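Below: a set of structures, written as structure tokens.
Shared between the two complexes below is chain A, which has chain B as its partner in the first and chain C in the second.
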Partner chain A sequence: MSAIFDIYLLEALINGVLLGGVLALLALGLNLIFGVIDVVWICYAELIMMGMYSMYYLYSVYHLPFVVVAIISMAGVGVLGVLLHVIVIQPLLGAAPINQLLATGGVLALLQSTATITFGIDFKNLGIRLPVIEIADMFVSYTRLLAFGVALLGMVVLYLFLSRTYTGTAIRAIAQDRQIMPLMGVDTKRIYIITSAIGGVLAGLAACLLVLQYDVHPFIGLTFGPITFMICVLGGLGSMVGGFIAAFVFAEIISVGGLYLELEWGYVFAFVFFIVMMFVRPQGLMGRRS
Partner chain B sequence: MGRRGIARLLGGLMVGLAFLAGPGSADAQEKKFKIGVIFDLTGPFAGGGSDLHYLGSKIIIDHFIKQGGIEGYKIEAIYADAQSKPDIAINEAIRLIEQEKVDMLLGMFSSAQCVPAAARIDQFKKFMWMTTCISSAVLENRHFRLAFRVQPSGRQFGMMSADFIAKNAKDKFGKDPKDLRVAIIHEDGAYGVDVSTGNEAGAKAAGLNVVMKEGYSATSPDLSSLVTKLKRARPDVILHTGYNPDITLLLRQSRELGLRFQALIGHGAGYGVYSKLKESLGTDVNYFFNVDPISIWLSNPSALKPELLPVIQMIGDEYMKARPDTKIKSAHVGMAASNTYVFMNEVLRRAIKVYGGADSESLRKAALDVDLPDGGTMLGFGVKFEPEAAVMAGQNTRGFPVIVQYVNDESVVVWPKALQIKEPVLPLPASSPYAVK
Partner chain C sequence: MSKLLPWIAGAALVALPFIYNSPYPLHIIVIILIWSFVYTSWSVMGRFGLVSLGHGGFLGVGAYVNALLWNNFGLTPWIGIPLAMLAAAGLAVLIAYPCSRFRITGHYFALVTMALSAIVLQVITATRDVTGGSLGYTPQRVPGGSSLFAFQFTDKETWYWIALAIWGGGLFVRWYVDRSMMRYALEAISEDEDAASAAGVHVTAEKLKITALSAAMTALGGALYCQYQMFISPDTVSGISASLQMVFASVVGGIYVLLGPTVGAVITIMLAEVLRIGFGTAAVGWDNFVYGILLVLFIIYLPQGIVGSLMAKLRGARVGS
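Here is the complex of A and B:
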């Protein structure tokens, strides 16, 4: 029994929590976009990739301070989010969901190809190595701890914004009833653009933290994209709290499952859990039945 | 016959002569050999080494194009991007054969692509020259008539590292091989599985204590569970096979989670691109080992055929022209260049000269005739292919990898003993963040 409940299990649990933080951060912006605009940005992970490239070039090539680089990158991805909405999403708002999916899928390919042509296929790395925290024979990754903390903070700030500001209230109202709000004088176009900007900024924030842990290359989105969508669906598309919980559930299954069986079994269990939940709660953990 | 009649007769004769002579001379001018070249120019494999293999092959093909071709045949190359996907590799191979009408196919970096693509290309009865894709599964028990690979197999890679560890167990680790704890971890594609099979077979033969063997997906976003398991297994030596960026992810997470070991041996692919490892991991990469065919720039010149030396120089010059930012020349470029050179200079030349053409059957006969002793290629090894009836039909029986160690930005051959430039630094010195304290 002691062989099962050892310090490594505790370490795996902590790793799971920290991985959950990373995944939660990824899911946050995507859920916001879907909840408000009712469109899934298939290219969300590619926006993060662009943010990571921005971080790399501004920090490693132009040697700007990290905080300045992070702010510029978040703003840059925010602008990309707005452009994505205005150029691609807005004309398709009334179109069938499949058309919207295909359009954002096209943007995914466009961003991947643009990155390949512009930045090349080399893996780029910021070269920053943060210290390691050692507690009683256990090691905790500072970069993951940072991502976890920022994910929590992002969630709180977003919650306060949505619940305490007029714009936030309008965003929530639109998320609840898309048809009635224009009749009550809310400028939905403006709200959609603000939401897209926030979604983009959140993708930029994820980029700032992921670039500390992962090399950036044009196809990094493939590593995170599918799992981010699964988390959003598991949590209930559009539900930020649901996405947050789902991220931690998913991460713990991967982490602990991978400790006792082969690593890939952790993912198999997570996907089986996902499929079962889709039968039990098709609307997701915290989603509303449509 | 009047004057007009004579003129008509002469005109007719001239037209007739032109008709008879024309096609022959035009044919001689238009003798062309089309090579379809497939590598990953985009996607994760591109940065993991495939792009460098593409460069190596291209340098050699361009070299022969500049020389005006081979034995009267003009050379034309058509390049295709497999995009790091097996299905695209197969589709591109078919496109090159059916639409571009290539005479043969050359290249492919990933074993995951070569395994299905080789069978498909065989169906078209086209000659295939594999520059890389080292998994044994590509050729084992498949008895292809027209597929050949100069590169040593993945299993040879795996067995060499186990042999290296076992032979150094007593001297360097102060332990008998049976007391040396070895962990084998690998990406779970054809390449990683084959190398790990070699690792395991080699470890078993040498009596090493394998405490863990596990595969993982190269695109996994998190390897921390694997690192925790490695910590629990407490290996002295880790034998790792991966592409990139999974290698850097594993090593970064290993450092963050406090994994300690006495030696790490990588097996080609991402471990062969030192500059990328250095960029991602900094000096942490110091004292790691890599199993690969020797870098052509590290080969002992006196052990090679003298006519290869200017070719090595030319490849280095072209490499630096194409990638002026290169600090340490990657072994990957040399591997593809050497293997392509063997095809162009030994196989194609012989096929035309001895067998009178460059069709698949002539190329096959010429490939089977190649009999180069050690030192006959830029990679130091010789070439002799297994015949069709053999289990590994088409495999070069004389290929072998070496083990290099990265020490202070230098790549040093440490194994086999006969080619050793320096003694290996074992175990990891205390300066390494992974060293057992």
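Here is the complex of A and C:
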């Protein structure tokens, strides 16, 4: 009896790692935006939803090849990110941080209702069924494995971009000191726009991976949104390494908690864990707070 | 004259059902009054820079605790509602105390409280054997429909007076806080916590008081909504959407003025109703679409809200003349 039990636990642990990869990717874009521009995009998960709809329509309705669809969707969400920055965030850069947060809350309502009006409230499915791999009596979904791999790849590419290119260096420099960089001849406005575009593209990438696993509907953002913010805060807002670790911790809690009880309880445990951690380490796992 | 105005307006509101008691408009007014009270409750702390996205949680606790006590133990709402308010206040203190101790403010406070409303939503959904989950929950009706003991009334007039009294009470609490020493303490805290603390303000105690007050009032609003509608679902009374809705209406009306949240409630509810009646099911989603745009525009161009900006204009005109 206990042997069977352990296999389920191991399966849950492995699925947790795979989920963690995707959650880490979700948190990455938000962390980048926060670290560099110092705003929280409450509507981040809704950008992902728009990417998922774009994937669905281009692939299932217009029958374009998957890779082309993925590239168009990523670029599309990237453009949305830039628009969000230019239209909503830029006028509010000098305002109280909480106003920026609430304004993106308005964008959340806007995107959600746009999706409701344009696409309807029914669940839409891409209709791709990838096989389930069986390893030593454990079932691991190929989709999740793929998502995990691509998420890791995306993170490596972002890391190389930030550490090896001139623009990447400028982005990291701004994240370190907002006041001094304009004096050093860095065009802050341009860097913010580039960062927003990258944040959007990362959301688009997450959309490509999530649409393989979940049906898309206008309220799907409320499923990932809270968990993404909690990962970022737990990791220390702006800290990418912290976000990465937090994503895996959260994913394991959800996956293992969901094994013993229902899936909602996995989320409840994760949220409670988050609140407890906020009191133990309010600056986040790897955070630096002024 | 301006001293008398609130009393005249109040008397006119109390007398309204004697002159005009068409059920549908009265229903809309009751709904507006209940939500006005909830939004006012949010603004009691929101106006001091304590932007909470956890009030959806308090609203849910208020609605569900009271309804569950009634259905399972037959406990009258006269006791159930105060218990629900206590539960919400306790939950608020549980969150606010460490938040204040560890200096979780601004962004962080909003995100931590957001986690709270997400937890309440998930717990209600997960305990579906008791709460009915996402299908919603109905308090048991008493035979005959109306009972003071069960706090259930069939006629709209009674509900109108109850909602009016609660709303008036909410305005009074906010007005009272406005005139108390607490206001100065909280304003000082929102400007600079260290300076306030150095000046002898007990930061944590002040924050806890206002948070517990605001949470208890919100729970009362949730319970009242449940008793009036006789149906609650986790998505309407808890979660992040409910929290954002409170913030949105308050910001549109103006969080720094007494009647701001009320005006916000009138605007948002009327907008939803007009769209619903005018366009039927084709209007699904449009009210949120308009809210979203308005929220963004208001925060960028009119952060004081409608009433706040109007009052600032009037004041400016008076000073100018």
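By definition in this document, the second predicted complex is superposed on the first by the 278 of 290 C-alpha atoms of A that agree within 3 Å, B and C clash if a C-alpha of one lies under 4 Å from a C-alpha of the other, contacts with A are read in each partner's own complex, and residues count from 1 in each chain.
FYI, contacts are C-beta pairs under 8 Å (C-beta built on N, C-alpha and C of every residue); 3 or more make two chains touch, one makes a residue touch a chain.
Owing to the predicted nature of the structure, the values given are computational and were not obtained by experimental measurement.
**Student:** Clash or fit: how do chain B and chain C relate after the overlay on chain A?
**Tutor:** clash
**Student:** Looking at A:I275 after the superposition, I want to know if it touches chain B, chain C, both of them or none. Which is it: first, second, both, neither?
**Tutor:** second
**Student:** Return first, second, both or neither, reflecting whether A:G258 touches chain B, chain C, both chains, or no partner chain.
**Tutor:** Only chain B is touched by A:G258; chain C is not.
**Student:** In the overlaid three-chain picture, which partner chain does A:H217 touch, first (chain B) or second (chain C), both, or neither?
**Tutor:** It touches chain B, and chain C stays clear.
**Student:** Using the touch definition from the top, say if A:P182 reaches chain B (first), chain C (second), both or neither.
**Tutor:** neither
**Student:** Mind working out whether A:I121 is in touch with chain B, chain C, both or neither, as first, second, both or neither?
**Tutor:** The answer is both, since A:I121 touches chain B and chain C.
**Student:** For A:P97, using the defined touch cut-off, is the partner it touches chain B, chain C, both, or neither? Pick first, second, both or neither.
**Tutor:** Touch status of A:P97: second partner only.
**Student:** Quick check for you: in the superposed arrangement, does A:P65 touch first (chain B), second (chain C), both or neither?
**Tutor:** neither
**Student:** For A:A12, select first, second, both or neither according to whether it touches chain B, chain C, the two together, or no partner.
**Tutor:** first
**Student:** For A:T143, using the defined touch cut-off, is the partner it touches chain B, chain C, both, or neither? Pick first, second, both or neither.
**Tutor:** So A:T143 only meets chain B here.
**Student:** Do any residues of chain A touch both chain B and chain C, and if so, which are they?
**Tutor:** 116, 121, 218, 222, 262, 264, 267
**Student:** Could you pull out which chain A residues touch chain C in their complex?
**Tutor:** 40, 88, 91-92, 95-99, 101-103, 105-114, 116-117, 121, 218, 222, 225-226, 229-230, 233, 237, 261-262, 264-265, 267-268, 271-272, 274-275, 278-279, 282
**Student:** What part of chain A is in contact with chain B in the complex they form?
**Tutor:** Touch residues, chain A against chain B: 6, 8, 11-12, 15, 18-19, 116, 121-125, 127, 129, 132, 134, 139-144, 213-215, 217-219, 222-224, 227, 251, 254-259, 262-264, 266-267.
**Student:** Could you please specify the touching residues of chain C with respect to chain A in the complex?
**Tutor:** For chain C paired with chain A, touching residues are 49, 51, 95, 98-99, 101-104, 106-108, 110-112, 114-116, 118-119, 122-123, 125-126, 239-241, 244, 247-248, 251, 284-289, 291-296, 299-300, 303.
**Student:** For the complex, give me every residue of chain B touching chain A.
**Tutor:** Residues 41-44, 46-47, 51, 84, 188, 214-217, 219-226, 228-229, 231-232, 244-245, 248-249, 252-253, 255-258, 276, 279-280, 282.
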